[in-house]
Amino acid sequence: MRGLLAVWGSRLRLFLGLCFLVVPGAAGADELNAGDTAWMLTATALVLFMTLPGLALFYAGLVRAKNVLSVLMQCFVSACAMTIVWIGWGYSMAFDTTGMSEGTMNLNSFVGGLGKLFLSGVGADSMTGTIPETVFITFQMTFAIITPALIAGAFAERMKFSAMLLFSVMWSTIVYAPVCHMAWSGPGAFFWDLGVLDFAGGTVVHINAGVAALVAAIMIGKREGFGQVPLPPHSLTITVIGASMLWVGWFGFNAGSALAANGSAGMAMLVTQVATAMAALTWMAVEWMKHGKPSVLGIVTGAVAGLVAITPASGSVGPMGALAIGFVSGLCCFWGATTLKQKLGYDDSLDAFGVHGIGGIVGAILTGVFASESLGGLGLAKESIGAQLGAQLISVTFTIVYSGVLSFLILKVVDVLVGLRVNEDEESQGLDLALHSEQGYNMEL
Amino acid sequence: MRGLLAVWGSRLRLFLGLCFLVVPGAAGADELNAGDTAWMLTATALVLFMTLPGLALFYAGLVRAKNVLSVLMQCFVSACAMTIVWIGWGYSMAFDTTGMSEGTMNLNSFVGGLGKLFLSGVGADSMTGTIPETVFITFQMTFAIITPALIAGAFAERMKFSAMLLFSVMWSTIVYAPVCHMAWSGPGAFFWDLGVLDFAGGTVVHINAGVAALVAAIMIGKREGFGQVPLPPHSLTITVIGASMLWVGWFGFNAGSALAANGSAGMAMLVTQVATAMAALTWMAVEWMKHGKPSVLGIVTGAVAGLVAITPASGSVGPMGALAIGFVSGLCCFWGATTLKQKLGYDDSLDAFGVHGIGGIVGAILTGVFASESLGGLGLAKESIGAQLGAQLISVTFTIVYSGVLSFLILKVVDVLVGLRVNEDEESQGLDLALHSEQGYNMEL
Amino acid sequence: MRGLLAVWGSRLRLFLGLCFLVVPGAAGADELNAGDTAWMLTATALVLFMTLPGLALFYAGLVRAKNVLSVLMQCFVSACAMTIVWIGWGYSMAFDTTGMSEGTMNLNSFVGGLGKLFLSGVGADSMTGTIPETVFITFQMTFAIITPALIAGAFAERMKFSAMLLFSVMWSTIVYAPVCHMAWSGPGAFFWDLGVLDFAGGTVVHINAGVAALVAAIMIGKREGFGQVPLPPHSLTITVIGASMLWVGWFGFNAGSALAANGSAGMAMLVTQVATAMAALTWMAVEWMKHGKPSVLGIVTGAVAGLVAITPASGSVGPMGALAIGFVSGLCCFWGATTLKQKLGYDDSLDAFGVHGIGGIVGAILTGVFASESLGGLGLAKESIGAQLGAQLISVTFTIVYSGVLSFLILKVVDVLVGLRVNEDEESQGLDLALHSEQGYNMEL
Amino acid sequence: MKLLKCVVRPNALEKVKEALSGLGVMGMTVSEVKGFGRQKGHKELYRGAEYTIDFTPKIEIEVVVGDDLAEQCVDAVREAAQTGKIGDGKIFMVPVDEVVRIRTGETGEAAI
Amino acid sequence: MKLLKCVVRPNALEKVKEALSGLGVMGMTVSEVKGFGRQKGHKELYRGAEYTIDFTPKIEIEVVVGDDLAEQCVDAVREAAQTGKIGDGKIFMVPVDEVVRIRTGETGEAAI
Amino acid sequence: MKLLKCVVRPNALEKVKEALSGLGVMGMTVSEVKGFGRQKGHKELYRGAEYTIDFTPKIEIEVVVGDDLAEQCVDAVREAAQTGKIGDGKIFMVPVDEVVRIRTGETGEAAI
């Protein structure tokens, strides 16, 4: 298999969006391309925009008015704390390539070295491929920011702020950085050497966060009144704003993962648009048929499902593959956020697992199918759809187990340290007043 | 006239923003420019941002709280459905150049061929000028998305969702794609061969949508209570957010229509800013004089009027021309959205015609004047202001008639198929609950 | 000192973000770089986005519901009026370099000539460095827009709209344009020749606006009920949206000030992110310790404080310097917006001085420290930290005095002309109804 | 004097106001309320979770009138607010012992 | 007939509604109010400015019932809304002279 | 016992609350209402469409007190809420048959 790897090695560079250009030594030699840099500066802003205010609003609209600020606060503090984690040690643990060698499985296949702690050695003229390393660091940082923020959807309206903050810092260190390393740090990394296709983070971001969300939702327990009284969204207007910003920002996420302003970025943008639209329409159609009416929350959730599912595939599939992925993810996430959740009875408040977990899994698997040139894709990384599916499944399974087990342990530790859940009075008063001494709205004149 | 065309042929390329670079054969030969591609990726995101959440919010704030979601839903579904229409057949009908030849009037002067159905033949390395064709497709798609969404302002608060969806799909196929083709598909196209200047879509987008809006407003009839009880905006805060996003996103619309990061794009951005500011101040001043107070809704509507009017002109005029266009459009749209509407008595709920129709016409005509180098413009496409005005007027008139008649017919068909309007109870309950089983706001704690 | 200047002359170009490339004659010779242009088009959109809707929302959420529109209106009209001022005379007064010569102090060290009134001589192919001059003009215009809008935070909820408009126009002409000229117009300018480092406007924008805000707050007096009844924010949700947009848009502000898509822009983006996160966390921590709970308003205000403070430094410091600047600005602005304000008893409604004034001063001074290569910076403009601090202090002091005195005089004139403050009835009714005949919200169904 | 508490449909407010004004009533006080009654509510659906909302939006108009005018007012309100469909609402008549106009200190019918 | 004005905690609404329905009460009218009483309010903090908010959110349920049912209703509401902690609220019983059903014009107990 | 319904200007709430507290009143219930009366409303203008809004925002304070305290309370409210300008509002005094404190089941004046 090593021989084969060599054969398609150069193609792979294209498929994986040049993500592995962080090869020390070689990197410095590349020349800065202002066009690529321009796009990556923009893409970075777009991905930050996805969290602030995109995801923050998407989630905030879905909770009751008394908890709106607590959700905004969690997203905001994620952006802040993950920034420090990332420059402190996260980036090094994810992208330092010390000790890695193609085809060799060792500790550094799973986690990066500590050579870049506190960005040591990074200057204004350090390069990653054709863009400044500073831009690459910040771009990747925005991914590290949004991932723990996604999890917050699962335990909304009842988790302690301190617990959430502690959990996020530990989780991004112990779970996010290693999985990111396995997928994107280049030859020698676990998923990389397997030939896994994950262009923009279906596994790294969405399955990873989705599974952690499921574990958290189960561990923290249901919200007071769940299943008995209505816990309706307090402002779908805000949720639609957030969903729209997620959509627009996702262009940075997916097309930015090309790390260049080129044909790969262009195709990533196009397929992102197509899959999103298709998933949204699918959700709408299913809901219309099942409940007699199409809903706004339905169509926007469908859009997010499509965005999630196309993420790993966005560098590998063509428009027709995107249509298929959109369609399947719309169906599956609808099932995940309605039927599955009701059947199993957990309270994943904002469907972080139902949408990101399920959508991520659907996307990761279908990437292995629709990347095939025979299906209009840009080419598999392995010899056949079967072999590719094998690689995809290994990475999916590994991530589910890894994130599941470690998220559980981290939550246990946090529970011991500060306690996970607010008390009953605080929950009924609302987290905004109880934890932050503020109110989201104060409409008196 | 052919000879003359040849003389200024090369200039025209600049004026029309390289829009006609979709010439098959030649296209593949161009080399990718990362800077141009970076800007066009960004511009595409910006134009999508104009609809989601820009226009959605601009409109949503203007309706009553019970209909807020219905408006957001219409914009959102537009984005989804038009995406599928565009990759399915819209792009081919607009930009396939089969059968076109400069100076020859035939069927393909009015509508594109079917050679690009479902994007057949488009790959990650297909090029349109100096950017990937995928980027060109997605950029143009965002125009196809916003245009039917604009129309929704006319029949807000009373149209059936199913009717709106059906109408949009048919309208974008039968009206939008052909008009887009006539203007922007290159030599051999109807408006193109006439030497019409429409840099970013004054005719294609705004007149087209504005006239359809007027027809729709008249056909669907007034809202219950119109003219008798107040139907005030439920949240001007939301409307201001939307207007601001439209403004920012419009840089992508106009400067993006240069299809490159060059001097033409730069000037387009500058004149867009100037005309918008001027129109906003003009509206404000007129209102201040007429009613004694300047209003927020006034100034933001003025800004949108300016954005609309500068759209066709943004590749052809200088800053002083932009000042003039801003001033005149501020005046005319004020008259359109207040006096004219009241006089004729139709209920164009959110002034889609008053702003986009009137503003588009003003802009298209004044482009023919201020493009003249003698007035600080970048140059006419024809020999004199008179001749240019002639071309502009033909395109304006043609579009008014074409869009007017076909919009009428499509609405008739939709009315027969599913009915245009909700019943009285649904209208009084509000479309959010009646059509979507949701409420926009639920502020209980 | 002249000799020394020559030595680091070429470095300085980098440090000051190529801002002085507006040297006539030489400018035209540069070749357009599409990548740089792409980034600057984007950066311009981002900075406009900071005002509309970013700052507008940040401020609007903080006032009572009856004044929400008045604040949005002030930001919106700023964007419009400053556009006209800028193309009319502001740009010329700021960036026309007639009469300037390195090392010579004359009138033109303080204010530009009138050679570019109404953008005379600017065409689509005029260049500023590697980007079209039109883009440079519009980029700088967005700075001229946001600066007076910042001041509006100080007199929110009680100033007449007419007075605000008049003040803004006069202030941007007499205060903003000259200070901008002194800092950024190139060799021969006052601050420039001193070797002051102000990459993106700590002095030009934030100290300038912050001091004007303080003067205005004191002159216009406290809001009715200030200190006696609660005047709580009407929607922190809106404020968080605004703060998030400010953060994202600030990438355009700081990284855009490199005027190119290069390593300097990349580092500016990275340090902006780091300082912002650090300041936000610092504010949160202090508040948590002092009041027992971390608040949403606290963390977002901290973020803005960090954004302000890193602004002058963003082209000169490394990530560790950014951490330090973030930390110190978080502390100082917390003190400014809480302790200092309470002690002195002025009513700076939205803490325009406490955050922008104090943050700007902290940033300007610390830039002189952390730019030093010995502290991980990119290099001082002067021979030592001491010398650099001297230059920084001169520019800070000069700006405080200049802006303070002239803001006072302008407000006096405006008071005579139209009166600064609404009457009691108008204030208690709310400015939205009293000045604009509109209401921000109308939630009846 | 009597306090009439009139619970009506939101879109009847305008008409009721005019009807009362027509009888010379100079003031009233209005609040938004939620009504529960024979009229059925509506369903809401959020990601598969169906809620039945029993309450419908109503307007409560409180008006204090002299004893002599009370009957007439009841009739006027009834006429203005009646559609004949379930959910039209109720009028409750409550005795009032005293009325004071804050501005002047007037009391009794003069204060209304 | 009696008008019972029941000021209760927001989360008691559902239970009170069911308790009253259980007694055959067919309708009621609900509004959001702010209560001031022995129960203490909360603090809010905005950039160092601390506000004490004395008011707590309450729900006021207004229900008109026949004289015979009044006592039972009072008991039912009390039971449904009682937690035993300060701030449970009050029931005020006010006499009602007349009730009119707008839809039909019925009056008296038949109109309730 | 008496129920005082005091309709006052929004910015009088604080003062009225203090005045009543000063008399030993331990609780009250407040709601936001819209008032129609002699005070004229305002105009709103949206794209040339002018609306006259007749209603002005008011606050209704409901407070139940013992018969003996009622007069004093009326005076206290009047003093606290009076500006002398049209629109100061009214106080309506309504008889109350019974009061129950939900927490304890106490009734009568002890329950207030």
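Lettered A, B, C, D, E and F in written order, each chain numbered from 1.
Basically, a residue touches a chain if its C-beta (ideal position, glycine included) is under 8 Å from a C-beta of that chain, and two chains touch if they have at least 3 such contacts.
Just so you know, these numbers come straight off a predicted model, no measurement behind them.
Of all chains in the assembly, those touching chain A and also chain B are C, D, E, F.
Least step count on the touch graph, chain A to chain F: 1. More C-beta pairs touch across one of A-E and C-D than the other; that pair is A-E. Annotation: 53 Å between the Cα-based centres of chain B and chain F.
The geometric centre of chain A is 34 Å away from that of chain C, both derived from CA atoms. Centroids built from CA atoms put chain E at 18 Å from chain D.
Residue positions of chain B touching 2 or more other chains: 33-36, 38-39, 42, 232-233, 241, 261, 291, 293, 295, 297, 437-439, 441, 444-445. Across the assembly, chain D contributes 31-32, 44-46, 94-95 as residues in contact with two or more other chains. If touching chains are joined by edges, the resulting network of the protein chains shown connects every chain directly with every other. Contact residues on chain A toward chain B in their complex (touch as defined above): 33-36, 38-39, 42, 46, 64-66, 232-237, 240-241, 243-245, 247-248, 251-252, 255, 260-267, 269-270, 273-274, 276-278, 280-281, 284, 291, 293-297, 299-300, 303, 318-320, 323, 378, 430, 441. Those residues of chain D lying in contact with chain C across their complex are 10, 32, 57.
The part of chain B that touches chain F in the complex is made up of residues 230, 232-233, 291, 293, 295, 297-298, 301, 337-339, 341-342, 351.
On the side of chain D, the complex with chain A involves touching residues 44-49, 51, 53. Across the complex, chain D meets chain E through its residues 2, 5-8, 31-38, 54-55, 58, 60, 74, 77-78, 81-95.
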